[in-house]
Every structure is written in structure tokens, then in C-alpha cells.
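Both complexes below contain chain A, partnered by chain B and then by chain C.
The block that comes next holds the complex of A and B.
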């Protein structure tokens, strides 16, 4: 392996990449980061009930996954919740970010800090708080799908939108205010300035914020666990309950699909963002 | 000009945070068709004043009247002015055409008219054929032309320009100065330009208002500003000048008797009294070997100090026994280097006409 081979050239002062310890640390980090994930994906194709020894290749468990009604229902629930959360959290986050960036008002600092609270509050506390809150409200249960996902969706929006707001706010920070003034000078109303000038600038932030909200919602376990009812099981909660009995390759298959889904969404979002950055480059 | 002024600024002040006076009781009038410059060091309030014309700042006190209408309650998007911003503020996600068309679209002009006027405006700023380009495919100079076209296409009563040339390199800046003057003559719109660069203001504007610390120091055409500055600040800010501290007493109508060290007592035209500055521009100073006999000049002896050679002239500093030296710009009228070279330590008579001497108060 290259890692242990001596390079004949003398080491330069900034040649950190050639120090043994640095390479060792990087290698170990990568191993612990990716080995479990790659292992998980590989064993989803293992032809064995037990998840220990490789017994040959099969796609049986994917077939089983798609035929498992309760798993598919949980998957559908998760996607529905994630999509609704993404739309609402991104809009809320964008508006919050815009207000915090555009206006000065008394108590702004407190509002800004308060908005970021869901990010720093331990998730378990949020989960318990949400559960108690919905119980107190007497939130109806047993509603038809998808209205029964309402409480989970509301909880997800509440913890996801600050993330979106922060990302969008950061994007607005390097907005050239003269652009907005110029549009105003050319006859645009405040609303048209927002629509024609500010939103196009926010776009990469909107995409990044939406992506963040989507993935946060899709794989959230703690808060969902506390707000989910018996008939509103989401994908992570379902996997958790399956694992409690035994780790079958079916769980591996389900997880692999979740990973692929997030990878695809992330790739699309990054690609869109890159393309937008190329256009937005000359903003200054 | 017989018509009413297009801009009237009446007793306008802008106070920030209750105490910082950015603009301090300014009265100004700009005539129709003028190329007017607001000139001053940074922080003098010139940009604040311009932004009050555009509507981005609201005066704390006073009145802004544009084209006969009080602008107090008029939002920036409803004012008959357009602005070219310092950063040009070309919309990065729109093509050149879309940028220029934006203002007309906001006015809900029919699309046929928009198309025609956009093409005309682009032709006017010599960007014809580049309408489909995106801003990041253009140079700084071209982007500025887009900003100009975008403002002019709306046919405003007044075009406001905020330090429009400060981001361009020296060569382009000079070309753009001429270009702006040409444009202004072509379209006949009143231009109000903010600049900290005196040569820019002198070369382009019909009239200049010099500002300092929120106050207008003097409003005059370029020649008036340079040849007859109203105060020590204006004289010092515009071009180079020698200032000698002196005292003056009034002796008659527009006439003062000035007592200056090394120079003695002279009677000069002027109105300032008490502590004054005797001022003379370096290019109005002459050098001789013998004491000049003309009674119409002020002459003193000086020793050559530093000399800076600028090709067409030399900037020579003479030690005249005062704290600061007296500088003179001597034209190098021959190509005989020996003849015009000043050597350090040589003594000369230096003199200038009394008529070219200014008596300035603070």
C-alpha cells in the first residue's frame, strides 16, 4: 500500500499528506465512516437469514421489501411527511431569513436566538415536549391518511425550518443591497423587488435549505418516535422495530434504499446549486 | 435659463442617531439640462444627499423638490429620477436586454415599445448587438454601460450617478468621462454626479458643489471653483495651492490690507478679515534671477529645495524661510535640459501677480 512506502524525495515542510500519522488518522477515519455503510449495503444482497456469513448473492430481500406492506406503508408515510415538511419549512425558513436580513426591529436578537433554539435543544427534549403538547391539545388520532400524519409533520416543520432559515440567511448575507435599491429605483414595488431580485439570489440557499429539511425529516427518529401513533409509523421507526427482533437482510435492503434516495436527492440539489452559483457569480 | 430649477433642495438636513449630522442645512438648486457634480471628501454627505434625491434616505428636515413636485411622500419607485449605482448593480440573473427592459416592464409599457427603446438605449451606450449576453460575460466597463442604458431608457428628469467611475482603471475612466459628457449632451437629461475625484468633477460638470462635513462650501462652475475659491477648504481641496497664514484688515470696498510674514504688507482684493490665508496656485508663480520691478507683483527670495520632474513641467519647492516651502510649477518650455534644471540650494527671486493672489478666510 502507498501508505507505508517510502517516497524517495525529501519531505517538504508543508507535505503533511506524506506524514505517517496523518495518513493513519485519515485512513482510520474513512474506515470507521464508510466500512459499516458499505457492509450494510453488501449484506443486503446476502443469501442468508443470518447477517453474519456471506452465503451468495441474491436480490430476494429487495423483492421482500417491496412486498412487505407495513414496510411500504412506513416508507410512504416518511416520504409524504418529508415532502410536506420540505415545502413548508423552506417557505417558512425563507420568510424568516428575509425578515431577519431586511428589517430592523426591537427584540431582533432575541427573535433570532429563539428561532435557532430547536437546533440546540436536545432532540429527546423536543420529542417529549411535542408528545406532551399534542396530548394536551387533545390532537385527534385515527384520522384517515394522510391527515393522520399531521402531528408528525408539524413537529418536523418546527425543528427543520430553523436549519433552512440559517442556510438561506447565510446566502442573503452576500447579497448586494444595491441590486434591490436599483430595482426599486427602476420602478419595482417592494414585492416585485423580492420576487424578481431577492428570490433569484436566494435560490441556491432555498435548494440547500429544502434538501436539509428533506433529509432531516426523512431520517428523523427521536422526535417522530414520540409523536407517532400506532397507525402512523415512519420508515426509521419501522426499521427500529424490526431490528428489535433480529437484523435481517430485509432491514439492510430497506436501509440501502434510504441511503440511495438521500444520495440521489443530495446530488440533484448540489448540481442545481452549482449551476446557480455559476450564474450568481457576478453578483458583485 | 429661464425655466424653474429641476431640483430644489431647501434647508435639508439628515441626522443619524440623534447627533451625527450627515447633511447639515443644505440649500441647492440644479438647473434643467445641467451636468451637476457633488464633490467632497469621503463622509462629507454627498452620497447621502444623492440618496435623498433617489428616495433611499428621508431628510430629517427640509424639502426636496424635483420637477416642481415635493418628494417628501414619494417612494423611490415613483420618482422621476434614475440612478447609476457605484457597483453598477446589474442584475446577474438577467441578460443585458432583460436588465435594460426591467424598468420599462415595471412601467407596464407595451412589449413592442420596450423592444424598440431597449435597442435604442443599447445603441446609445454602444452596446448594440450585445443584448443577449449575460452580465458575467462582460467587462466592468461594459457592465457600467448596461447600468447607464438601464437608467436612461426610462427617460428620467434627472440621472443620478454615484461615483460611477471609481471602479474603472485610469485609462477607461478618462474615456468614460468624455463618454458621459457626450451622452449628457445627446439625451439632454440633467445629470447629478457624486464624486470624490476633483479632476473628474472639473472636467465633466457645468457646475460643482463642494461639500465638507455635511455643509455645502461653494457652488460654482469649474473655473470659478479653481480660480476664485470661497474658502481655505475649497482652495486646498481643488488642485494644489500655496497657503501662507496672514492677518488682514478691511481698507475699502472689496479691498483688504494683508500682513504676511516675509512678504510684508500688501493691499489686495478680497473680503476676508482677521486670520486669513494668502493663497496662490503653483502654476501662477514665476522665477527670476533679478528682483522684478513691476509694482503689480509680490516677490520674495527663495532657495531651491526638492524638485519633481513631470515632463511638461517641474514642481519646484522653494524654501522662503517659513515653516513650509512654497511650491511652483515651472513649465519646461525648452528642450535644453541645462536651461530649465533647478539645482538644490540655488537662490532665485520668485514672484506672482497681486491679481492672482487670493485672500481666504476659513
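The block that comes next holds the complex of A and C.
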């Protein structure tokens, strides 16, 4: 154990990270953060309905998960919504980032504040606002799949694209504006500059923004809960109704799949970001 | 940055789609419930806009003031516990070796990416009457009893038979859940503040004879104060508005303001009142954010000195 091993160097006065009680607190905090999640994942393989004692390994609950039609439908709904959200939110986020990065215009501070609103206001407020909005609009229900997911997708795009805009704008900040001016001087059109100079530079930001939008949409519960109808159940909403009912290994299995999916997407995003930073650094 | 008039067409092409989306699917819905908050419910589904403050007056009734107070109190308790846990964690991360620091930061942030609902559910499995905590306690009590039987005090003479603790569906469970979810919100600003701290101050303080405790309270805390304030606000805001945690972990008396809003829109079907409560929650959020902006500006001024 690293925690208890003696380091041969004498401890300096500021070597707080090597003090026993600090290490103990960090370890306990990490246990507090991870034990519930790891326990949940581990017990999705437990061959017992009473969740607490280990009775042997089984993948039974995963088989049941894939045979559960309503769960699979909810899963499909969630993925469809997340994919549609990703496409639109990335485009809107890129346009927002581009405008805020490139132009000075009257009322810009207010505009930026407005764009930050979906990020800062409590989820519940946005959820009920969306619910009232669609009810008031007389949004048709009972449409064929996947058009019936429209209202949820619209709400997801509305809260996801400002997040994407932030990520993409951060990437644009280290863009050399002279490159664009050069291209203009050499006769490229406004659109050509955007397509051939700006977008290639934005690309890592676009990918990171897209993955962020995807996970935000896939994970959202509160806003979806208020915009979803009885026939447009998403995966988190379905898990919620199962959780309310009881703690069962099926829920553990469903949760584990969602955790792993988000984890994979996030890892890809972090890896891409890291790799691009490295490339950026070595190029300078 | 260039003036938008230099390329009017590009400017408009780029700004119109996101603005349209934000206005139509965010500002208008919010304005709609803002209007509702000044309306009266006149029938099962009829709502008349007559610009009265009735709904806001109703929010000042003792029942709802109590719930507001409770939300603030729970969020404050959460923030306090987060602060107490996060400070040593942030210190340990700042003073760790660079590679270790990356890993620790990643480990603290990673739960962020796990679904909120699933994290809350994971806590239910830990805290419920036949969950892990009670299971562990039962094991401890049984073995303690077995050990005591050697000195003739066994058979539950000294410590009674194990009764599972009711850890779920009360206010404590809600605070535990809120801490669990919001811990990274506190660790990250604290880490950022401590990382900026000039270590020679600490060395000077220790050299001049102050102990670690004194150095912490007289040097570290005052210098990291803007970061602490920022972390407190960032943790407090989402904690106060949380819906899922009190809904799943709380009992009947742990309703927080978001739960009341939800029930007004779902079960009670009183949209104007729910709308008024939503806006009160939003105003509270804006107030906290403004407070943070002021504190951050102070910090900026402090850096220049």
C-alpha cells in the first residue's frame, strides 16, 4: 500500500501530500465517491435478488435487459435523441462561438449573458418552462417514431448548445486571426475562409463539443422528465421509474450500461483533447 | 475582433440560427412562465393573466417560507460539509507530485460524468435498511457480541440485537446525497485557488515559528478566500435547486423548493403558483451569481496589488 510505505527522503515542511492524515482523508473521499458506483456495477453481476450478499457471478440480468422491450425502446429513444441533439447543438454552438469570437457588436455582453442562461438556471425551472411551452403550443402527441421525440430533442438542443459553444470558443481563442486575413487577401471568399481555415482549426473543439452535447443529452433526466409524454420514455426516465419501484439487479445492469457508455464517450473526448493539445504544443 | 458592420452578411448568417433557437425554445418558454406567475387560475385548465401578485403573496405563507428556509438550510449544510471535506483533499492534490496530481484531479472529476440519477440510485443501495452500511454494521455488532460472550456478557446483554438504522428517506440522507453529488464543485475551485497560492508565504510562516494550524488559518484561508467564496457559491446554487436527490432520498418532510415546483406543475396542477415559485428560485440563483461576480472582481483587484 502506497499509503503506508515509508519514503526514504525526509519529509519537507510543505510535503502535505505525504502526511498520513491527509492521505487518509483523500483515500476516504475517493472511497466515498467510488464505492457506491463500483458496488452498483459489481452487483449487476450478482446471482441474487437481495442485493447485498455475493452469491456468484451471472450475466443473467444483462440478458434480461436486452430482452426487455420497453427498456430497449427507451434506450433506443435516448440514443436517437442524443444523436439528433449532438448534430444540431454542435452546429448552433459552433455558430455562437464563431460570432462571439469574431465580432464586436452592440449588446454583446447581454447576448453572452443570454447564452449563459441555460447553463446557470436551475434545471427544474427549465423543465417546467419547457413543459408549459409545449402544452401551450398544442404540440401534437401520438406522432410516429421518431418524430414524437421532437419536443424532447428541441429542449435538449436548447440546453446543450451553449455548453458546446463554450468548448468550441475555448478552442478558437488560440486561432491566429492573421491566417484568416491572409486567406482573404489572397482572394478567398468569406465562406471559403470559414470552410478551409476556421473549421479545420475548430475541429478538435467541434468534436469535444459534440461529445459533450451527446453525454449531456444522454444523461439528462430532469428536463426530459417534464417534456416526455407517456409514449416517449427515455432511458434515464425509465430507470427512474424502476428505481422508484425497487432496487433490483436489472436496474444495476441498465445503469452499468449507461455508465460505461458515458465513460467511453468521455474518454474519447479527453483523449482527443489531450492529443490535440500535444500536437498544438509540438507545432509551436 | 472586428466590427460586425465589416461583414454584415456573414454576421447575420452566423448569429441568426443560434439566436432563433435560444429565443424560441428558451426565452419564450421562460417568459411564458413569468407571465403565468402573475396570473390567476380560473378553472381546471383556464389561466387568466391579470397581473396580480397573489401567487407571490401565497409563496410568503409560512408553509412555503418554511420550505424555502429548509432548501437554503440543506444547501448550506451541504456546502459546509463539502467545504470541510474538500479543503484537505484540495491541499493534498496541490502538494502532490505532478503525475499524481493529474490522476487525483481526474478521479475527482470523473463522477461528474456519471449520470446523476444513477449516482443517487447507487447511494440508495448503500444506505437502505438492507444496504451495505447496515449490513456492515450488523456484522460488526454480531462479532462484538460474540467477542463479549467470552467475558460472560454475550447473548445481547450489553449490546442489543441489531436493528437496522433508518438511513434513507430523511433529511440526513438528502444532505449525504447532495454532498456526494456536489463534492467536485467544491474541490475544483479550491484546487484552483490553492494552486495560485505563493508557497513562499507558507514557508515564511512556518520558518517564523507558526504551526501548521496557525499557518492554515492565518495564511492559507485568507489568501484562498476568493476561491473559497467561489466554491461555496458554485456548490450552493445547484444544491438549493436540486430536484432528484430530495425526491429519491428524502422522506415526506424533506421536500425542497424544486420538489414543490414539480408537484405544482404535475400533481397539484396549479401552474401560476408553480411559476411564481420557479421565478423566486431563479431570482435566488441570480442573486448568488451576482454575489460571486462581485467577489471575483475583488479577487481580480487583489491580484494587481
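The rule we apply is simple: the second predicted complex is superposed on the first by the 261 of 284 C-alpha atoms of A that agree within 3 Å, B and C clash if a C-alpha of one lies under 4 Å from a C-alpha of the other, contacts with A are read in each partner's own complex, and residues count from 1 in each chain.
In this text, a contact is a pair of C-beta atoms (placed from the backbone, for glycine too) under 8 Å apart; a residue touches a chain by one contact, two chains touch by 3 or more.
Not measured: the values here are computed from a predicted model.
Asker: Kindly classify A:249 by the partners it touches after superposition: chain B alone (first), chain C alone (second), both, or neither?
Answerer: A:249: touches no partner chain.
Asker: Who wins on chain A residues touched, chain B or chain C?
Answerer: C
Asker: If you stack the two complexes on chain A, which partner ends up touching A:204: first (chain B), second (chain C), both, or neither?
Answerer: Neither partner.
Asker: Check chain A for residues that touch chain B in one structure and chain C in the other, and list them.
Answerer: none
Asker: Residues of chain A touching chain C in their complex?
Answerer: 13-17, 21-23, 25-26, 29-30, 32-37, 39-40, 43, 50-53, 91-93, 95-96, 98-99, 101-105, 111, 114-115, 117-118, 120-133, 136, 154-155, 157-159, 161-162, 165, 190-191, 194, 215, 219, 221-222, 226, 236, 239-240, 243-244, 247, 251-252, 255, 258-259, 262-263, 266
Asker: Would you mind writing out the residues of chain C in touch with chain A in their complex?
Answerer: Of all residues in chain C, those touching chain A are 1-4, 7, 9-11, 14-15, 17-19, 21-22, 25-30, 32-33, 36, 85, 88-89, 91-97, 100, 104, 107-108, 111, 113-126, 128, 130-132, 135, 180, 183, 199, 202-203, 206, 237-238, 240-241, 243-244, 248, 258, 261-262, 265, 271, 274-275, 278-279, 281-282, 285, 289.
Asker: Along chain A, where are the residues that touch chain B in the complex?
Answerer: 176, 178-179, 181-189, 192, 196-197, 200-201, 279-284
Asker: What residues on chain B touch chain A, complex-wise?
Answerer: 54-56, 75-79, 81-83, 85-87, 89-93, 102-103, 106-107, 134-136, 147, 150-151, 154
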